[in-house]
Amino acid sequence: MHLIGELSAVLATALFIFALYWMNDPKTARHGVIAGIVGMTVAVVATWIQPEIIHHGWIIGAIALGFVVGVPLSRVPLTAVPQRTALSHAFGGLAAGLVGMAEFFLWKSGSSTVAMTPFRMSALGAEVILGFLTFTGSLMAAGKLQEVKWIPQRPVTYPGQNVVNIGVLLVAVGLGVAVVLNPGAAWAQQAFLAIAALALIFGVLLIVPIGGADMPTVISILNAYAGLSAVAMGFVLDSKLLVTAGALDGSSGLILSIIMCRAMNRSFTNVLFGAFGKAQPAAIKGEQKEWKQESVEGAAQLLEQARNVVIIPGYGMAVAQAQHKVRELYDALTKRGVTVKFAIHPVAGRMPGHMNVLLAEANIPYSALVEMDEINPEMPQTDIALVLGANDVVNPAARYNKGTPIYGMPIIDADKAKTVLAVKRSKNPGFAGIDNELYVGDNTWMLFGDAKAVLSDLVRQFGSGGIH
Amino acid sequence: MHLIGELSAVLATALFIFALYWMNDPKTARHGVIAGIVGMTVAVVATWIQPEIIHHGWIIGAIALGFVVGVPLSRVPLTAVPQRTALSHAFGGLAAGLVGMAEFFLWKSGSSTVAMTPFRMSALGAEVILGFLTFTGSLMAAGKLQEVKWIPQRPVTYPGQNVVNIGVLLVAVGLGVAVVLNPGAAWAQQAFLAIAALALIFGVLLIVPIGGADMPTVISILNAYAGLSAVAMGFVLDSKLLVTAGALDGSSGLILSIIMCRAMNRSFTNVLFGAFGKAQPAAIKGEQKEWKQESVEGAAQLLEQARNVVIIPGYGMAVAQAQHKVRELYDALTKRGVTVKFAIHPVAGRMPGHMNVLLAEANIPYSALVEMDEINPEMPQTDIALVLGANDVVNPAARYNKGTPIYGMPIIDADKAKTVLAVKRSKNPGFAGIDNELYVGDNTWMLFGDAKAVLSDLVRQFGSGGIH
Amino acid sequence: MTDFGSMLFVFVLATFIGLGVIRRVSRLLYTPLMSLTNAISAIAVVGSIVVTGADHPLTIRILGAVALFASMTNIVSGFMITDRMLKMFKKQ
Amino acid sequence: MTDFGSMLFVFVLATFIGLGVIRRVSRLLYTPLMSLTNAISAIAVVGSIVVTGADHPLTIRILGAVALFASMTNIVSGFMITDRMLKMFKKQ
Amino acid sequence: MRIGVPKEIAPNERRVALTPDVVGRLTKGGFEIFLERGAGSAAFFPDEAYTKAGASVGDRGSVLGHAEIILQVQAPNPESLTQIPEGTALVAFFQPGADLLRQLAQRRLTAFSLVLLPRITRAQPMDVLSSQATVAGYKAVLLAASAAGRVFPMLVTAAGTLSAARVLVLGAGVAGLQAIATARRLGAIVSAFDVRPAVKEQVQSLGATFLEMAIEEHAETAGGYAKELSEEAHKKELVFLAGAAKDADIVITTAAIPGKKAPILLTAGAVQGMKPGSVIVDLAAETGGNCELTQPGSEIVRNGVAILGPLNLPSTVPLHASQMYAKNVAAFLGHIVQDGKLRLDFEDQIIRDTCVTHAGEVRKS
Amino acid sequence: MRIGVPKEIAPNERRVALTPDVVGRLTKGGFEIFLERGAGSAAFFPDEAYTKAGASVGDRGSVLGHAEIILQVQAPNPESLTQIPEGTALVAFFQPGADLLRQLAQRRLTAFSLVLLPRITRAQPMDVLSSQATVAGYKAVLLAASAAGRVFPMLVTAAGTLSAARVLVLGAGVAGLQAIATARRLGAIVSAFDVRPAVKEQVQSLGATFLEMAIEEHAETAGGYAKELSEEAHKKELVFLAGAAKDADIVITTAAIPGKKAPILLTAGAVQGMKPGSVIVDLAAETGGNCELTQPGSEIVRNGVAILGPLNLPSTVPLHASQMYAKNVAAFLGHIVQDGKLRLDFEDQIIRDTCVTHAGEVRKS
């Protein structure tokens, strides 16, 4: 019996690892889901068949209810996926917290077979704190994302906020330490309940100061917390399976939040303890537009997912002598089934036909080159416009701003594309010396750097993405 | 004390993992060595300070001797590195085997504190078998590599060889099972000694049928065996550190041998149990030359390690329209500091200047193009000659074979390069319709396929190698 | 009963694996990845089953049943939505 | 005393890590990698120290000392030669 | 509005002011086009194509006599002028010489010289200077390659290696850049020089080498044109270029300073230093030439160096040159005509700069 | 051995049989070189360069009169022949016409015609046909581009888009392939046609399109040359090519069948179908032309289509053409001269094929 338990734990662990490993590649990812389901089933069955489990009806009932709620929850529209994930974390946190409470009271009531070592008691405390803070925190996050009325969507900040938050947490931890040191004390039970309450409050406080843009990062961190609470539960229940699965979850949440922070140019420490508020105000204050930066990884991902891409080369491509890299990108994208066109503006570059000379050198077929007048009607259906060292020729100011030298010049309507990726080295203007609002457009993401270097990176991303 | 043991084990494990992880990249690889050394020191010290260790003199002496032998062993010329590695495996195997013997006799003599469960006894058997077979196997391998006189370098095969080998192993395993089932039996001691002896013999038998070319693969497998014996020792000694370090070693040996098998177009199962002999005979029989094929991975590795590369393009590059991929390869190599030159034969291709037109299209600088007369004196110092769809213009028959239409035509001396990589689609001849002995030269490796496709793969190999 | 050291070992090793495996997940798949790990983290179900199904006082078992329900919801919706999202990657 | 289950767990997890980490090692570094893992596998030194240093019969201790010497040779030469080889990759 | 397009009668002028394609667009836009018989034939546009596009083809007299706006490439000669009624508008691509302006004013024509078009962004679609310089730069390289004793690309052959030609381009404005691009296409090794600092990056953006000479002065005007250099700087430049020319097989010169005689960049001495068999193509021949020895309109050989001073190169590529000219002119028409009437808004920079005579007065000189 | 290099006196011949560079190598190899004054000047090799390389420069009489081997590009004219002593060897690049052969035999010259050089691998370094065809193919494109009313590359400009020229190359031997490469370099869209099946891949290897026409017969000889087509197949070809020419802006024809008149590929009707402004460059003019209308040596225009029939194109690139010719000839010399003496081994294919007269007899016709 014990052997079956151990082996099934190993098996389930291995299956979970493979589940994540297969997520490497869209081709194998669905195998991953199956591995996960099988692993979970193995774990559940192995636990269930243990002789001490006797109230099967209760279990069946709870599981059935889980299906009843879970299935509809998996049918939410894709736009609601973030909320669903947050809600799910809440459930996860709740489960961990409740089990922790149950274990504590079981032990208190003396009906537990488990010896309550200080280590285990610490784990129990951690489990409860992490579980409950994840619960309310995730609920709040879900609420904000779903734009539930009575939850403020805007970040709510007040002076001393961080002090309050950390204070609440510290009190909870302090109580936990007290309980660990005096597990038998009469007040231990009350203290434990207080810990749970404080954790619930802390979860709310944690999310209150956070704005919508940071939500995905927060959800990812909550994911890590949920995982850690499972680890703690594993320590309590003496289950290596829980520890591994929790650790996998924890590390995945961690990595994802780090990646997201990086993509948003935020420091990870800044996010770790709810001090999100700080960077926010600037964005809220005025309607002043901001340059948003995208990482090369992110850009590669966007390009991969696009159905059609329009590349708009300009003088910067020429200066960087990036034409051969452009060809590599063209090859990589067309190989993936993405339709790629080049939109050539009549005055792109610094001489008539400048772009033609370079693109022909790189052997881009003439049939891929499209004139401005032909491409413009297609721009609104374009998934991604890749502006490559072009500036004036995609400057919407030409349409209406009589004060600028380029007023009246027909431009390529890059701004009408669903997403714009723009490569240039700096925030400097182009030939005409004027600002370009395209770069701060809602759907525009900058890739700062020399065009040749940026394209090299992009192409390498494709190359490496394909292998592993 | 126990806590220190546990923590130091965790620490050492983590350090070992990082050691391997840092080997990802030449830039961090030396940190890896340091991590390994620190990890090992932690493990040694943590063990040494245990209270039951009392004979410090003995330990110091053995360690000192280890240094005395180890330091010179690390100074062998680089050509002797494979032998040294094999020898090292032999030492590792020996250590594992001896410790296993010691444990067994300790337990037999009743002076062991360890309870000898069947599981532990099985582990002990595995440790001893793996340890001793690794010992003699590695010694044999080292001997073959060092070309020691009384060890036959050629594979020695005889009918029924596999039956004998497997037989020996089975007897050893059978004895092991018997001992596990009757650990207390009077004959157990003798049986155990017999197991050890059989393992020693099996190690020799394992290597006898293997030829020099397969040696690296075998060494890598022996590496895995050595690792597994450490794992077994860990099970016996109840040391998680040993188990992890051994598992790391085992999996690394496994992966490397799989990669090597793939690069040599051999199936892994073919290698796993010493049945190497089979593919060998053909190569030994006649002096008839063979086309040797290299994988793209292997070629990329060779190119990366070269200091200077001469690319010899021919009509095949033109047919494949591979000039842009050539440029990508040129970029990738020069970026890595490899000197790349193009050797242009006066009649390469099908029209005067054929190669020039294409290479200029791909923007290869004129300065990288070298004429035949200039490059030929440099060929013997060339690390790699990459023959890219050229045939007649590198056919050594032109030098001496009066019967051929190309007799007397000056050629590019690709055959004089240290290593030749040749890209073509098939074994078909070129324009002149004659065979080319260059392709079956000792230092030539074929990369079969369309030049553009092969180069794409090569370039992608570089791309992906660089990131991780 | 497993000792503390082993647990620590398992935790450290599993974390390493998690970091290693997740780092290599395709950027395309971060969203489904999140829901998959979310489903996997519902492994807490194991604890809930024990609490719910063993011969414990009623209150405890109620706590357990709620936890079990919550975990199960996670498992079901997590795996299902992951699969739904992955189905959309037919292109490659 | 650790139980069998934990050991198995540790072994499986460590193997996963090994496979994951090694798969990503640069092809350039296979030779140094082999000598590095070779050095690490000499962790058997831990066992040898116990056998050699504890209060055991002489024969046992001699076996141990030989094993200790063998392992130590591995460690020393393994790490040193790895480092020597790696020094040659200044290029990058 | 009635537009008249007479046949170009200047010698060697093969271009035509409108192409059938553009005629089609203009007639759709409400213009009536009157074309002299055979006006497009030298540029390979037959009369039928024009009629198909909606133009009326007639004789010279009726075309000149009935149009409200006359479009030409070259300025009309005195004889033609007498045929044009007073008050007619004229758009052409001519240097506004004093004599000519006087005659135009005398005839009370509203004349626009496209040479004077400001090089501002919104004038780009009408920028005849750029469009014709593009053709000239391209053609200059073909001339040079045809005249050279050597091939441009490097070729490794069984009969030895032909080294690539070294092409030096002096002045990297529109024509110079196009020359650089064309020479690079043919496989030559190209270097270039210009006094304007902005040009360096532009030259490099075409894959050519920029020759650096430290000039202390700022040789660029606010409008992006070149200024004349001080005498001292000019001397320095001559020495520097003589050195550069020594290594070149081909020199293509395009340096100009708007409204001035072209600067001398190659002295007779510099030519002396060049290799026999070299070729100089002087695109500045029209304004006197960048080479001291250039004889505009003809080819001479000095010390084995061929010096070509071609005039009106764009006209030798009449089809494409006319196509671009016609598009430019149509864009200009679109600017000066509003609601079917001439819009003489002298506040507008384009109109102010280009309109040289109006209502009997010379407005520019 | 004494080598004589007279000045080429055929009209429009600017090449020279040896260049200073090659002279240097030959003198080192034990040859004495006598060069007529000014022999290299039209190819930009001054006499001083030759003397520096070790040649003696003298007058025509002494050069012709004292040499053991005379190297020329064109065959000597009758007057020169009288100046050459009997028994002298002569190496030149001439069509072995019956008259000429008779004269050569009469003068008892040992004459080698490089036109007859076998196209075998070991003869490649002497292959004058290939080296001169390379130059011709390159130059043909420049001629076409200069004559065309349009530019070759596609250019998107503020004055509209210039479409790329469509170039059709007929006959893709050495000259044809070089023409394809050169036109592609200039940015044209190139397609090509040839009757030999092996050519398809070669055309594609230069990035051009091969036009496929199903010809049932095998149009290639064992030696890799083209055969004459049957009448039926030829008719089919003419129809096919007339269709292809319709779409082309430029047609370059290079089709030849060794020893025969060039095949007609473009009839007058096909030219009629072409667009005005198109250009045909007929490299086969020397052997009658691939176009029915071609007038060898001159340029005509029919229906707006310019038809150029240039003769001796390589001579218009004298420097590089001479350089290659000299290297070819030096390789040939190395083959026919052994130990300072002429080696008349008629077993040797190269000597057998090229030696047209010897000891007063005509060996070939």
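So that you can tell them apart, the chains are marked A, B, C, D, E and F in the order they are listed, and the count of residues begins at 1 in each.
Following the convention adopted for this analysis, a contact is a pair of C-beta atoms (placed from the backbone, for glycine too) under 8 Å apart; a residue touches a chain by one contact, two chains touch by 3 or more.
Note that this is a predicted model, so its numbers are computed, not measured.
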What is the graph distance from subunit D to subunit E, where chains are linked when they touch?
2
Kindly list the shared contact partners of subunit C and subunit D, in label order.
A, B
Of the pairs B-E and B-D, which shows more C-beta pairs in contact?
B-D
Could you pull out the chain whose C-alpha mean position is farthest off from that of subunit B?
E
Centroid spacing, where centroids are CA-atom means, of subunit A and subunit D in whole angstrom
39
Dist(centroid_CA(subunit E), centroid_CA(subunit F)) in Å evaluates to 37
Averaged over CA atoms, how far is the centre of subunit B from the centre of subunit F? Could you give it in whole Å?
58
Shared-contact residues (touching 2 or more other chains) in subunit D
1-2, 4-6, 9-10, 13-14, 16-17, 21
Which subunit A residues touch at least two other chains?
13, 17, 240, 244, 346-347, 352-353, 357, 360-361, 363, 468
Residues in subunit E with touches to at least two other chains are numbered 124-125, 130-131, 134, 153, 155, 157-160, 162, 185, 187, 207
Taking all chains into account, which pairs touch?
A-B, A-C, A-D, A-E, A-F, B-C, B-D, B-E, B-F, C-D, E-F
In the complex with subunit F, residue positions of subunit A that touch it:
344-348, 352-353, 355-357, 360, 363, 366, 369, 371
Mind pulling up the subunit F residues that touch subunit B in the complex?
120-122, 124-125, 130-131, 134, 174, 177-178, 181, 184-185, 201-202, 204-207
What residues of subunit F sit close enough to touch subunit A in their complex?
153-162, 164, 187, 189, 207
What residues of subunit B sit close enough to touch subunit D in their complex?
12-13, 16-17, 19-21, 23-27, 29-30, 32-33, 36-37, 39-40, 43-44, 47-48, 50, 52-56, 58-59, 61-63, 65-67, 69-71, 73-76, 78, 81, 84-85, 88-89, 91-92, 94-96, 98-99, 101-103, 105-106, 109, 111, 115, 117, 119, 219-220, 223, 226-227, 229-231, 233-256, 259, 297, 300-301, 304-305, 336-337, 465, 468
Residue numbers of subunit B touching subunit C in their complex, please.
2, 5-7, 9-10, 13-14, 17, 240, 244
